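The structure under discussion is supplied below as structure tokens; questions concerning it will follow.
By written order: A, B, C and D. Residues from 1 in each chain.
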Amino acid sequence: MIHGIGIVFLITSAITVAGALAAALLKNLIHCVLCLSITLAGLALLYLQLDAQFAGFAQILVYIGAVAILVVFAILLTRGAGIPEYRNVSSSWLVSLVIAAAIFALLTWAVIRSFPATAAGAAPGATVQSIGSALMSTYVLPLEIVAVLLTVALIGAVIVAMPESGAAGKSIEKGGAQ
Amino acid sequence: MSFIQSMDQIFITLQHWIAGLFPLWLQPAVMAILAVVAILGAFPAIFAVTTVLERKGLGRMQNRLGPNRVGPLGILQPVADGIKSLTKEDIVPFTADGLVHFLAPLVLVTAVFLGFAVLPIGRNMVLVNMDAGLFFFFAIGASVELSIFMAGWSSRNKYSLLGAMRAIAQMISYEVPLLLSSVVAVMITGSLSTTKIVEAQSGFTGIFPHWYVFTPWGFAGFILFVIAALAETNRSPFDLPEGESELVAGYFTEYSGFKFALFFLGEYLGMLSIAGFGITLFLGGWGAPFSFLGFIPSWLWFFLKLFAAISFFIWLRGTLPRLRQDQLMNFAWKFMLPMALLNLVVAGAWRFLGEGWQRWIICSVVLLAAYFLLGRTLMRHQKLGPRSYRYAE
Amino acid sequence: MTPLAGFLIVAALVFAIGLAIALTRRNAILVLVGIELMLNAANLNLIAFWRFSPHAANSLTGMMFAIFSIAVAAAEAAVGLGLVIAYHRHTKTTDLDAMTRMRG
Amino acid sequence: MMPAPASLLTDNTASWIVRNLWLIPAVPMIAAGLIALLRQPRRKTAATLAIGGLGFSLVLAISAFAHVLGAWHAGAETRETISFNWLDLGATHLQLGWLLDPLAAVMLVMVTFVGLLIFIYSTGYMEHDENFTRFFCFLSLFAGGMLGVIIANSLLLLFMCWEIVGLTSYLLIGFWYHKPSAASAAKKAFLTTRVGDIFFLLGIVWLFAQTGTTLFYNNGAGAIEPAALTALLGQPAAWGLTAAGAIGLLIFAGAAGKSGQIPLHVWLPDAMEGPTPVSALIHAATMVAAGVYLVARVYPLMAAGAGPGSTTISLTVVAWVGALTALFGALVAVAQNDIKRILAYSTVSQLGYMMVGLATGGVAIGMFHLITHAFFKALLFLGAGSVIHGNHDEQDIRHMGHLRTDMPLTFVTYSVGMLALSGFPIFFSGFWSKDAIIGAAHSWPVSKGPFILLIAGALLTAFYMMRQVSYVFLGHWRGKGHAHESPMVMTLPLSLLAIFAIGLGVLGTPVWPWFTSFIESMPIAAESEPGMIALMVTSSLLVFLGLGLGWWLYARKPIRRPALAPEHRHTSEHGDEESQAPGEIVDVLESASPVIWTVLANRFYFDELYELTVLRLYAALAWFSDWLDRRVWGGIVSAVTSAFKALGWTNKSLDSQWIDGAFDKGCEELVNSGGVLAWLQAARAPGYLRMLAIAVLALAAMALVIASATGQVRL
């Protein structure tokens, strides 16, 4: 299905990048996260264009359904919603920007340089069935490990975020106001 | 082609006929558009019918006539409502975050409509016969939460925000049992495609169909699915997010006019789609309940079942009191989740115990035992005394 | 420019933006968001390579890689946000420039 | 107790009972461990655990007994052993193991059975004690240790269990440690037995040095099997003793310590401070018997080189010590007023009898008396316990009397025990066993001394038992309040024991000497020595004489309470100390000849003797070493320290002047340079991220450059 750069691809990638840029530039954290979710949706669409249905849906389910919500909750819990009272970009942001740009340049340059024109082969038969059998046969060990990892992460996150009994933390230095 | 089959496939033939009027290169697009339009038309209509059904049904349950002014027996009530909500002024709070406030209902409705794309309404009647259809549905359903959050947060109102938070917490908690309980059907069918799942249930022994609900794991899964679905769609007894007594109307308190209507639509469509999937997964989709009733068109069966499910929901709403937040969460994590997980295991056992009556005994016994034990442990810490009316008399 | 290159460049862009977010923004949560973006860019790369690899038809490696990394990213997000919340409970801030308790 | 190695359990040559013999001691020990974990108020559980454990051991013991019995009837080898390496000391190994032979089997059954009865009894006796669980923990630990001693096939293992037994007896005697008398008694018992154990250990080491093994029987290679014995007989030790004899004597010292032979008997009477069941279990039935059993176990070692007409020096020593102990105990017992002390001293004397029996008549005769004595002495002690229990913890016999009506069952059983102990003819087991010993002593080739002593002892035994009984059960009631019969759980064991005290006799009659032949695992043959009948007649005459004398002196006119003010009526653990207290009953013999009486009542001043000699010596030594420590060593140490102080001071001054200065300079430089680097580590996470990014950038660039250099990428 993919020969040349399709119009659909251009639109989706534009949406994706735009969302990412917005997430980078907006002041309001919640807006940032919403834009981020736009980006994530765009990425999911890109996956679909790459015939990776399962990955795409997984992307939507995990990122938009869970991670975005999680981030939003975190923002609300840390009272980060609304315009922050302090400058929202760190000092010496210029340097960072330069670094990011440099890395982008490097990558693009490498990409453009290193690929001879290759058209895509036939759409790979990535049916859910094949993925499932692969998960259960070839990738069973990684699967188990990921399962354990997720469990541990879940418990760990709960324990970390659990308010420790008694003194609810000494407030050291108030955020920002320096 | 016999009359029965033609009746069964009437919409398909219609679609093909209309598409035939167009030039060849347009036909795929036209067919898709037709299907979409059909869905966009059919389900809102059902939504309208549902509203009036619900209001009248609830009225009857509460010893009052429901709406009975507009049209004969108030049949035209939804039309009136629609006109009213369209003509009302659209109020946006001053401090509200305008863009998000505007986008929220759209996102909701879009997401919900997307859900119907993989719902098999009848034989060969599914918009996209996707290989990972069920997965798609759940992914879309997950993104509904984001829209709810947008609605609650953007309207700068503590009731809205609280409602949104409650709704999201509840939906996330119940998404897990919902998924797990539907996975059993997938396990047994061996496919995530909704059409395949329905076809797997289309057989008959004697006059009785091979619906999954008629197996131990299927029954347990169905019950869990129904409960989780109630919670997912914020229907009572899980309608805390819009508990009128506590938070005015939950996350769409600050919505009015057409946006409010959209939310309303979204909610009911969500209910319809999830009910449809419940039917697809456990009640044999568009299959006939008895072999000798096969002459009735499949789509008709589907919609009959859908209405039955809806009336069940309405009945529950008229019957059950609202839960408390902690009860809700406890129930989700301490009962639903373990039961669903156990149900997975049981389904696997069913698959590997082979044919024969033993597997019926074993699976049922295991599930019943788990049900009783879990119920015991869950109920132990709640002192359920006789209800006390402190301010009565 | 080949389709693959296109996907890769989009990925590179997303990655760069994620990096920029992680480097410039002061809010810890946003930094996490940036990291998520970078992970997603990597996933896009993986899937693109998988799709365009000559023997994509019979091997699923790239996509599997992506799926696993999605799962891991979810865990990472959970833990990271938990940490941020815990930190916020102690010192009422999520400002990275203010997180200097470990300074010598 | 011992971790049975897998090699053992898979060894199929031995029968299962032998392979699992280790369970017999292990189970009570495990029970003890479990009880130790229990909380204070879990009395029922504790008792159930202990009794259950010992009951299990009893079942096993009985099956073992049956096994040996079967082997004996089949005429097969009745001794089976199992041994395994415990420690590998280079070339040589320390081996542990257990054995099952008639001796062990009989002892096992006796100990488990009597022990079980006593356990049951104690549930009633200790009912009101708040340390119930602790008590049962100790009891079953003790039982485990004792059983271990019995089945041990290796001196080493035997010694371990021996020490466990010693420890538990210490714990149990001092069970009521809040009573200073009990505490000191416990210490006394522990130390006194230690004295013996030192010799015992020396003996073991010597034996190991000589024979290279501590196993008794190891099919031919054991330490007390002919091969080793001949080797041991080869080496002469001091005073014409062979190595065998010397080792035997050393071990006998240990045995004497445990089973209270002169001069190590002093702890035994004081041990009566412990709860009565303990006295019954430890100081009547089992532990004191352990010494005798030990001697019986190493008998070949002592008897090595003894011909038919002759004997060895060690055996002679044993015989004389035993005989002296027997008479001594009997004499002292006459003049005691504490019911339990009387029994204690009679135990001492009976142990003496056993020793004599072993020395003169061989293993079987001594063991027979051991068994019978275990039963009737346990019976007596439990009876005494029941009396004490029923008399509100009154132990002074002068404050009892006329209990025959108040506690009929106790009275009957007690008098059965009494008759058995004093060897009433024909019907009672004591008669047969004791008579066998007397007969053996009579036909002892070396000298008639022990015989005379034993005869006198027998007379006295009958006398003091009669005295005690008439004090306690006859005469008029002289105590306070009102006595009551003990509960069922206490009287049931009494009656059971009474039955055995009567019935056991039939096993050892000369007409059908089942026991003897079983122990020596030979076919039963009625033995008939010349003059045996005459001997029996004389001894029974003596018994009658003793009983009659006792009755004449104490029971003919019932003892009544002397008229006196009630405030003088104070109970006492040590009746003898207050025997001269005003208003007490004055014993008939005392009025007859006060001097002898006082000597007897004060137990020949043994304790005082030890006070004067041993303790003084120790005190002096302690004082001296203390002085040495303070003055001499202390002086040296303080001198050294002061010297080092001076040295240190000079060092310090040097340090602070020179080295510190240099060091500080260096540090300042370091600090400055560190400050230069510190901004990198300014604890700003974005900073770190940036560093990371830069590094990645650099690496990627480098990779690209290299790749282009190698022509993989067209630049």
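Keep this in mind: a residue touches a chain if its C-beta (ideal position, glycine included) is under 8 Å from a C-beta of that chain, and two chains touch if they have at least 3 such contacts.
Predicted model, so just to flag it, every value in this text is computed and none were measured.
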What are the chains that chain B and chain D both touch? A
When C-D and A-C are ranked by contacting C-beta pairs, first comes A-C
What is the distance, in whole Å, between the centres of chain C and chain D, each centre taken as the mean of its C-alpha atoms? 75
When the C-alpha atoms of chain B and chain C are each averaged to a single point, how far apart are the two points in Å? 34
Taking each chain's mean CA coordinate, chain A and chain C are separated, in whole Å, by 5
In angstrom, rounded to a whole number, how far apart do the mean CA points of chain A and chain B lie? 30
Touching at least 2 other chains, the residues of chain D are 686, 690, 693
Specify, in ascending order, the residues of chain B that touch 2 or more different other chains. none
Counting only residues that touch at least two other chains, what does the list for chain C look like? 19, 23-24, 26, 96-97, 101
Chain-to-chain touches, reported pairwise for every pair that qualifies: A-B, A-C, A-D, C-D
Touching residues on chain A, where the partner in the complex is chain B: 28, 30-31, 34, 37, 41, 53-54, 57-58, 60-61, 64-66, 68-69, 72-73, 76, 81, 127-129
In the complex, chain A touches chain C at residues 2-6, 9, 13, 16-17, 20-21, 23-24, 29, 32-33, 36, 39-40, 43, 46-47, 50-52, 54-55, 58-59, 62-63, 66-67, 70-71, 73-75, 77-78, 80, 84, 86-91, 93, 96-97, 99-101, 103-104, 107-108, 111-112, 115-122, 124-126, 130-131, 134-135, 138-139, 142, 146, 149-150, 152-154, 156-158, 160-161, 163, 168-176, 178
Over in the complex, which chain B residues touch chain A? Could you list them? 97, 100, 130-132, 135-136, 138-143, 145-146, 149-150, 153, 161, 165, 168, 172, 175, 190-193
Touching residues (chain side chain D, partner chain A) in the complex: 686, 690, 693-694, 696-697, 700-701, 704, 713-715
Residues on chain C engaged by chain A in the complex (per definition of touch): 1-10, 12-21, 23-27, 29-30, 32-34, 36-37, 40, 43-44, 47-48, 50-52, 54, 56-58, 60, 63-64, 66-68, 70-79, 81-86, 88-98, 101
